[in-house]
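Presented below are the structures under discussion, each in the form of structure tokens.
Common to both upcoming complexes is subunit A, partnered first by subunit B, then by subunit C.
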Partner chain A sequence: MPSAAARMRTLPVGSVGVRASGWWGMMCLIGTEAALFAYLLFSYYYFAVQFGRSFLPNELPSVRLSGPDTLILILSSVAVWWGERGIRQGSTVRLAIGLLLGSVLGAVFVGIQYLEWLDKPFVLSADSYSSLYFTITGFHMAHVAVGVLILVVLLAWSVLGYFDRVRHAAVSIGAIYWHFVDAVWLAIFFTFYVTPYLGW
Partner chain B sequence: MAVTEYDRAPLVEESTTDSPLARKLEALWETEPGIVGFFTTVDHKKIGIRYIVTAFAFLVVGGLEALVMRIQLARPNMTLLTPEQYDQLFSMHGLTMIFLYALPILSGFSNYLFPLLLGSRDMAFPRLNAFSYWVYLASGIFIYASFAMGHGANDGWFNYVPYALKAYNPGPNMDFYALGMVFLGISTTVGSANFIVTAFRTRAPGMSINRLPIMTWGTLTVSFGNLFAVPSVSLAFFLLWMDRQLGTHFYDTTADGQPLLWQHLFWMFAHPWVYVIVLPAMGMVSDGLPTFCRRPLVGYTAVVLSTVATMVLGFGVWLHHMFATGLPFLALSFFSGSSFIITIPSAVAVFAWIATIWTGRPVITTAFLYFASFIAMFTIGGVSGVMTASVPADFQLTDTYFVVAHIHYVLIGINLFGVLGGLYFWFPKMTGRMLSERLGRWNFWITFIGFNLGFLPMHLTGLFGMPRRIYTYPPDLGWNTLNLVTTVGAFMLAFGILLLFVNIFHSLRHGRIAGPNPWDGPSLEWAVPSPPPPYNFAVIPVVASRHPLWEKRLGEGIGESSVARGLVLDHGKETIGTTVLDAQPDVILKMPEDSWSPFTVTLGMSVGFTGLILTYWTPYGWAAAAAGLVLTGLGVLVWLWPERKLGQVAEHAHA
Partner chain C sequence: MRKLILTLALAAISDPAGAHAGGGRADFSWSLEPWVLASLGAAALAYGIGLARIRAEAGDRIVGGGNVAAFLAGLAVLFTALASPVDTLSDDLFSMHMVQHLLLMLVAAPLMVWSRPFLVFLWALPRSLRRSFGRFPARRGAARALNLLSHPVFVWSAFCGVFAFWHIPGPYGLALRHESVHILEHACFFASGYAFWAVVMSPGGRRRLEYGASVLYVGTAAVLSGLPGALIILTDRPFYPIHAEGAARWGLTALEDQHLAGLIMWIPAGFIYLAAICILFALWMREADRRAAAFARSMPTLAALIACAALLGGCGEGTEASSEAGGIGNVQRGAALISQFGCPACHTIPGIAGADGLVGPPLTKMGRRGYVAGVLRNTPENMTRWIRRPQAIVPGNAMPDMGISEDQARDITAYLYTLR
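On to the complex of A and B.
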């Protein structure tokens, strides 16, 4: 005779915070994307070591646009973080405001980046530096664009009332991606706008 | 509307596959029959078998390409093929075997077996699993479309620049290969993420990390490797495509580009890839071989650690493919040293297998023969590999048939033979019927002799100086007999593989009924019927040792595993989520229904990549590419839309 039924301890059901499979999947995506940008930056440093000063453009890149742009991106991360903290306490309104601010600041970042593209005296096919500059910043801009779309979709879902104190795994997953995209920018910024001044 | 809850204490009960609970689960997990089910299924068992069948189809195609080349090379000055045809054949042969066969076949086995080995009901991301298969298929078709049009890849599987650049290779051949590899990389990456999360998060309670079957360790390890290696090759191919079509200067020397960047990016991926396509097969041997030796594997912990060590070190040896490119002496020394060191963890597995046979009571079956010969050929392929780790020897051997012989001992010896052994081992689980042992012996011996007849002499061909990738050779260089012998061996190998297919088709209908555990195996997949029901386990088992089905005999572990009695999870499609190290129950995971999304997103991406290749002929290709991007985005949005049934939506807004 089978032994009597028993009960296990109570477990959460469904997508909950870092217990959600999606959160672990996002960690994998971030790992592989980090590797992608590492290989892109490897290509930059490889050329820099191979060719020295002649690899860089005559006029070194300036922080006139990229500096404020970097601050804007950091602020957008702060906004999204603040919104996500809000939903953890059950505030859908704070979440929506955070996501709205984050996506607007992200879009502004892309706009300013585009201005900087127009500002450059060279084009994609000029030489290996220009190819790398547009490719790396282009890859990053594409990631920011996807990130903004994710924030907008999350905003729509939060307005639809999909999230509460317990059920907001999608927000945490989208937010961690957004912070990652911002962190990648810091590595790119350091590479293109700081290392040329560190001397050859 | 399904009523869901935020938390629940699941029942623990005893159940079998003919209980009311099992019938309820069957209805929940079953794939709809017919054409709709074909496109929408997310059942890991169906997807796994699809992977295996498709990978074998590519194996046959790649094999036929090889046979045509072997006819051309059988005698000197043959004119069966033109040089261009020969270039396309060896390139397509290489990329087919390495990218479209070698990993997908292992992914197939892992897909089929992971949830069964782990005591779970499906992969962590069932829809992503279906998606990775569809993308694999679509990218394979994409790459082969070029060959069908007469524009197949023609620069070898590692595709060196500058020959792959537009100035020297103006046709669309390289564009197909480049975009196809970026496309395939998506499949590999999402598949890897799925294996990692599945192995980390969806194990039976109690299956702590030191109780994982070795095959799971192998696939888990290479999946990590893939996450970090695949971006390198996807990027390399994408930059190549940009150089060819958008006029960038990454690889050409006219504007501070550097052809060696290609070799770096390619081999930073491709050397780890060598381990990616052998470590899971080594894991299959580590799980299969002990079953036939009637004892647990010797040195479980050492084998696991050496598996991980091999992968990690595998990222630090890529330069040994580039010894002849004029690198600094220091770099040569370092990478030669690391290439010697990596043999140590590989040897650990070999000694563990030998000790397992030595101290066991081997039962000689076809599967055992494949596993045992795997060890022998691993040793040969390993030794010829160490020889090329030595810089002076490599200067002599590089770009000769010696390297071709080495790579075939690695890929056939350590991948195909493990896979064939695994097929004989797990075929009964997948189909419910045994493969014929009598035909199996013929299959094994002809394959084994044919392979060694073909490829052992090839080492000599290389030592006698025959370069690889030449479409013919003059008669007076002493290579004639060796080449003829290799051709004979290649055809014998092909005949051996043909016998395998005969065996499969015969046994599918007439094979002996297997029952749940025909080999008296130790792990959880043997606890369920053959073939397993759609939900795998009626109740989620609880595990107390490495060998749940052997533990009464072995007396290992603390307490007892419980397979028939376990967690009841039947409020919709559910499985258990557990903690990474100790496999403590952590969450009840809601699993998705069958879905069109994986297929439709793949279609969207196919439109996108087809658009990009069309830009070679017409600027309208860009419009198609943009349309594909939009379709893909919309498809992903539909896919990810939060569902109440999956526990992704608030029960009461503002609760």
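On to the complex of A and C.
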């Protein structure tokens, strides 16, 4: 044992593998946030079944901005996944590039979402649709903002050399949150931008 | 209001003749479509051929009676859903359509999973084809794709997504107007149901998901698939005008029919999920029991540590109970008995003073050895038997019967099992 300890120049940071307490904490957080978004989307569908198509705004939501935005978010997930695969093979550089791309694309997503908000002819208090639109996309944007912050912190840590092939639990925990936020966006996108065109 | 719906619905289902008052003619016939019958027949034939071949090679170990019964039951449910009056009625009633969908996803699919169809169908193929098909999942690309497609998160999302999507009025109406879309809809239900239950059921003994996670997996799907049911019930507007005329034939308004469908989606389906959760929970507890028993069997290691601590600290009194923990015998008494019976004269035994004999085999790491005396599997029972009557087991060998009692032999075994 002393020889193994002596071979290590610095003490290791973080746990081996992903099953750290942080992992379970993140799983619980994802559980609560998934329930939050399930309720929010259920409210949307509840209003939709109560009022029918009159619930929708006159101008149906367009995929002009939200379509590319969805692609950007998916790409950011792919970038983070690629970076995480990199650190599993011991490449800190690949991890840093993946996290940088992921956080930049995440920030671009928030920017385009904000443009779409400005583009809407209605405000938060106009009717039940507008309230739900801003509440749900607003909650999601807050989650994306938190996710970008997490990715930036992870990027800083990876540049500082805190991660290696064995010890990178924080990266896996942050990445799973990011993928979750993206999956929630797909559900929101389907709800707001696809269901109005399915005919009901 | 709710009571009225149920009364009407029950009347409509139990007494079709009495419900004709709504006007039109209520259709209660069978829908024996050739392609449905042909597919079911082909599946049964393939299963029969595969089963016969497997039985000829391996008996009933791989595909047992339970698996075959599940296949027959699954086939019967598919026939009921697709060819019986359930199918004919589902043209009229949204509620009966819901019954049909639930039969496909929640009854036929798990039964079919239990029957191990892919394995049996593979055996129905000629040998050469069987080889190439059998190797397919092992190919690198195919293995990755299959792994991704059968990933619990993906399957769960697909199952919930498919279920919700096809009950949105647009896609639902499209399926009812076009036969090909209707077939696609039913194929989606059955395939996603099959994939869903395959994650939590393990007829081959290899689980994709452990029990605790399986309970969460089924539980969350159950809650989520109740939500569309709630939406269908919590409205005063009929979503599926296509059923208005059909429902009237059974004396129901479209809205009553729709409320009934929502309740079927919510409550009977909920019972099936609940049953699955109960079974998984019971299996989980059983597995925990098994693990605890296996842990107790592996306890001698711990007992040895405790014994060492006791020897070092010289506090034998306090650890007396703990050194019984192995469930075999008392480790310290065993060590004393080994010296008392003179074992050290012939054997090298770690931890016993003066035990460096070279007559018999050394007993180092005895707890990890495979055999006792080269003839008995190394289990506590066999070790005890051997220590008591070595001459009865291998007559003429060098180890004498020492007149050791059962309890003493167990204590000695307990000590020997601490040597790992």
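FYI, the second predicted complex is superposed on the first by the 186 of 200 C-alpha atoms of A that agree within 3 Å, B and C clash if a C-alpha of one lies under 4 Å from a C-alpha of the other, contacts with A are read in each partner's own complex, and residues count from 1 in each chain.
Just so we're on the same page, a contact is a pair of C-beta atoms (placed from the backbone, for glycine too) under 8 Å apart; a residue touches a chain by one contact, two chains touch by 3 or more.
Just so we're clear, the structure is a prediction, and the values are computed from it rather than from any experiment.
Peer 1: Of the two partner chains, subunit B (first) and subunit C (second), which one does A:Tyr162 touch, if any: first, second, both, or neither?
Peer 2: first
Peer 1: Between subunit B (first) and subunit C (second), which does A:Gln50 come into contact with in this model arrangement: first, second, both, or neither?
Peer 2: A:Gln50 contacts both subunit B and subunit C.
Peer 1: In the superposed arrangement, does A:Thr195 touch subunit B (first), subunit C (second), both or neither?
Peer 2: A:Thr195 contacts subunit C only, not subunit B.
Peer 1: Quick one: classify A:Trp82 as touching subunit B (first), subunit C (second), both or neither.
Peer 2: neither
Peer 1: Could you figure out whether subunit B or subunit C reaches more residues of subunit A?
Peer 2: After superposing on chain A, more of subunit A is contacted by B.
Peer 1: Check subunit A for residues that touch subunit B in one structure and subunit C in the other, and list them.
Peer 2: 42, 46, 50
Peer 1: Where on subunit B does subunit A make contact in their complex?
Peer 2: Against subunit A, the touching part of subunit B is residues 4-14, 124-125, 128, 189, 192-194, 196-197, 200-202, 227-232, 234-235, 239, 242, 246-250, 255-258, 261, 264-265, 268, 565, 567, 571, 577, 585-590, 633, 637, 640, 642, 646-655.
Peer 1: Can you list the subunit A residues touching subunit C in their complex?
Peer 2: Residue positions touching the partner: 38, 42, 45-46, 49-50, 52, 183, 195, 198-200.
Peer 1: Could you list, by residue number, the parts of subunit C that touch subunit A in their complex?
Peer 2: Per the stated touch rule, the residues are 157, 168-171, 173, 224, 227, 230-232, 234-237, 239.
Peer 1: Can you list the subunit A residues touching subunit B in their complex?
Peer 2: Residues 2-3, 5-16, 19-21, 24-25, 28-29, 31-33, 35-36, 39-40, 42-43, 46-47, 50-51, 54-55, 90, 92, 124-129, 131-132, 135, 149, 153, 157, 161-167, 169-170 of subunit A touch subunit B in their complex.
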